[in-house]
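Next come two complexes, and both contain chain A; in the first it sits with chain B, in the second with chain C.
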Partner chain A sequence: MYDAGKIILGIVVFVLFATFPFYNNAGKVSAKPEPKLDTPVIQQLTEKKCVESKEFMKAEHMQLLNDWRDSAIREGKRVYINSEGKEFKISLQNTCMNCHSNKKEFCDKCHNYAAVKPYCWTCHIEPKEKQL
Partner chain B sequence: MSMDRREFLKIAGSSTFLATIGIGAGWILSRPGEFLEASQFSQTKELMKAKQWAMVVDMRKFKTEEDYKKIINACHKIHNVPDFGNPKDEIKWIWSETFDHAFPGQENEFMPEQMKHKPFILLCNHCENPPCVRVCPTKATFKRKDGITMQDLHRCIGCRYCMAACPFGARSFNYRDPRPFIKEPNPEYPTRMIGVVEKCTFCEERLAKGQMPACVEASNGALTFGDITDPNSEVRKLLNANYTVRRKAELGTRPVVYYILDIPTSVVPGGEGNV
Partner chain C sequence: MKILFPFFAVILLVLLAVVGVKGANLHFLFGVVVPYAAVFTFIIGVIYRVLKWAKSPVPFSIATTCGQQKTLPWIKQDKLENPSSTLHVIGRMALEVLLFRSLFRNLKGELKDSSRLIYGSDKWLWLAGIAFHYSFLIVLLRHIRLFAEPTPSYLHLLETFDGFLQIGIPRLFMTGVILLAAVTFLFLRRLYIPQVRYISLAADYFPLFLIIGIATTGILMRYFFKTDVVGVKELTMGLVSLSPVIPEGVGAIFYVHLLLVSTLFAYFPFSKLMHMGGVFLSPTRNLTANSREYRRINPWNYPVKVHTYEEYEEEFRDKMKMAEIPVEKE
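Up next, the complex of A and B:
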């Protein structure tokens, strides 16, 4: 092999560079996101429960929201009946965000952590929050 | 036992097939909560139902500029329609236009002055045979069961085919981000984003709550809304009692917004007989 020294050195430099984020952050734990649920509306609820169970919402809220929008807009069905038979008005702005009026402390907490950028808020108006 | 190649492939193929089905079924059954059923959705109890919603505009009831403004503002305010302040970027759901623009080819230089210069109130015609729906490549705009030509802005890719197809100019494109140009946003209704096409929806979100469209409510009886397939509806009664015209009906899109013209009573034989 010609120029073996240069090539091997080059590969070593490249590998070190490419894996920098891994060894640099190894062993460090970044804080687990903890979305806050202490909005005034939620605190007044006698039974603190979302439209479905906490576990379901945690894992499947994106699918639920997709189903909600298709049902409301395309089929004109604007009522959701949950697994317990309770009815909810289908609306991101008026139902979800009525309770979860703290978008920055609720939605954004996990979305930022997971580096996902849902484009809900380019059209839907987010609730007004007190400027900190 | 010896096995030939054919036999081997048969057994291998069928066992792979069965294993795939088994794993798939096991995966679905192991995650029950995940697959939402369609029966979990229903219509609101207040929803107003129709086979084909329609509107009759009684031009005789428009007297002052205020009559137009009131209607246009009522709509644009609750639907977060931006005001860019220039006609190039203009977004309009309901607007006013002169006779020769609303009914091109129908005008003549000797027609009554009051018709020549009096603006008409125009909006999406919610055609029974809508060309915008036919051309939409993503089915973002579609016909609802109650006849409303609806749009799913989640799906709009901003190709503007529908704008080219609509003979009524009822569709507006968001060339710019509309957010900064909405003076008082209605927090109960979404805005739009840059790059989508929007138009009147016959206030389907209000019909779901059992309310009349905002323009009808603000019009003091100049606009009438109802089911055109129901012979006893208010719109049918008006159509029965008055001569009405539709915009560009000759194109065959079957628009359902009807206009009662404001003809000077002296022109009509028998004068005051209008209902």
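Up next, the complex of A and C:
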């Protein structure tokens, strides 16, 4: 082999890059996030249902929130009618966060796991949670 | 044929993943076995190729140059085009690897008035190439969010810049769009320029279709079908922590994306994509152009048996004298 020093250095750099996820996670255990739904308001609900189905909310909540923002802030429409015809007041803080008052245990669980940083809280005031 | 074969190969891969996951329930094969095999092939294959190159001797100074070589002190040397020291070579290589400098000189020949051949600068290939490579790098680096927990701090910085237009939710990442646009341009360029089309082979189209497929499925998953990211991260984290799991509810499109990516990784060491390593090992770029300063002796020159004139005369002197051929020594 010619220029062995440089070649081996190059290969070492390549292998360090290519296998980073493997040695970075060696010995670490990462658990799947479980968002908590046991806030006092939710527990008092007779029918434990969000504004739309669980599957829809899981996949599309960000889109829904974005639509809500446009509708409330830009068009002044504050009423949302869901797929079942029920009416909800469009408000992050008074509708969503009323039930999901546990941002740290609900929103942040998945967002942190998937490294998502939504920009809700650049305008809204982040809820101050009581220590549980 | 050169276009259709790789095109249908990629279509086949897509169908394979869909049928394998939806029809045959082979989640473990497509989610665990294939990715592991692909990454293994990629790493071992790249090392093998590089070592193989490193075994080839480069005895002569074959650096391609287009500038003044180092010479008399009052003639200015073009240090980047005609490097005479390692430092110059490092500068030249850095510009080549990071900015694709030789591609920047890409020319286009055109017949004007059907008789005059005119060469002009053609930067589109360079522009699409650099846009493609850098977006692909950023897209690759962004994927670390699926492979590390907690995620490294650079990720957030990268995503802030990448998504700073704040279009839609989830935020539109510019690099995804630029990647797809640039790779599409590189494909169309092969189709529309007759000379380039003539020299293009199936091996040129296959990676393009593969990358178009990867970018398309990635964009579909993020913006349109809304794949279960938590489920996907469970799977990827299982892979990298060597305790694979197959979570429920991850759509078939993710497995399509994963199979195409695995194919790209596995195909990498066997293909032109090896220019990733090859660019560093190009003797026409990484050698110092000092052929006039130092004599290079071919290391595998074997000893040649020579018969000098003195020996020849020694051997045939008598016969030469008889034939009245003049000799040097009496």
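Assume the second predicted complex is superposed on the first by the 115 of 132 C-alpha atoms of A that agree within 3 Å, B and C clash if a C-alpha of one lies under 4 Å from a C-alpha of the other, contacts with A are read in each partner's own complex, and residues count from 1 in each chain.
Definition applied: a residue touches a chain if its C-beta (ideal position, glycine included) is under 8 Å from a C-beta of that chain, and two chains touch if they have at least 3 such contacts.
Quick caveat, the model's predicted, so the values are computed rather than measured.
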| message | For A:110 in the superposed arrangement: first (chain B), second (chain C), both or neither? | response | second
| request: Pick one for A:125: touches chain B only (first), chain C only (second), both, or neither. | output: first
| In the superposed arrangement, does A:76 touch chain B (first), chain C (second), both or neither? | first
| Between chain B (first) and chain C (second), which, if any, makes contact with A:93: first, second, both or neither? | first
| request: Classify the contacts of A:60 with the two partner chains as first (chain B alone), second (chain C alone), both, or neither. | output: both
| Doubly contacted residues of chain A, that is, touched by chain B and again by chain C | 59-60, 63, 119
| chain A-facing residues of chain B, complex | 33-34, 36, 39-44, 47, 80, 142, 144-146, 150, 152-154, 185, 187-193, 204, 208
| chain C contact footprint on chain A (complex, rising order) | 1-4, 7, 10-11, 14-15, 18-22, 24-26, 28-30, 32-33, 58-60, 62-63, 65-66, 110, 112-117, 119
| Which of the residues in chain A end up touching chain B in this complex? | 52-53, 56, 59-60, 63-64, 67, 69, 71, 73-83, 87, 89-90, 93-94, 119, 122-125, 127-128
| field | Partner chain A, residues of chain C touching it in the complex | value | 39, 42-43, 46-47, 50-51, 54-58, 144-145, 147-151, 155-156, 159, 166, 168-170, 226, 228-230, 233-234, 237, 240-242, 247, 277, 280
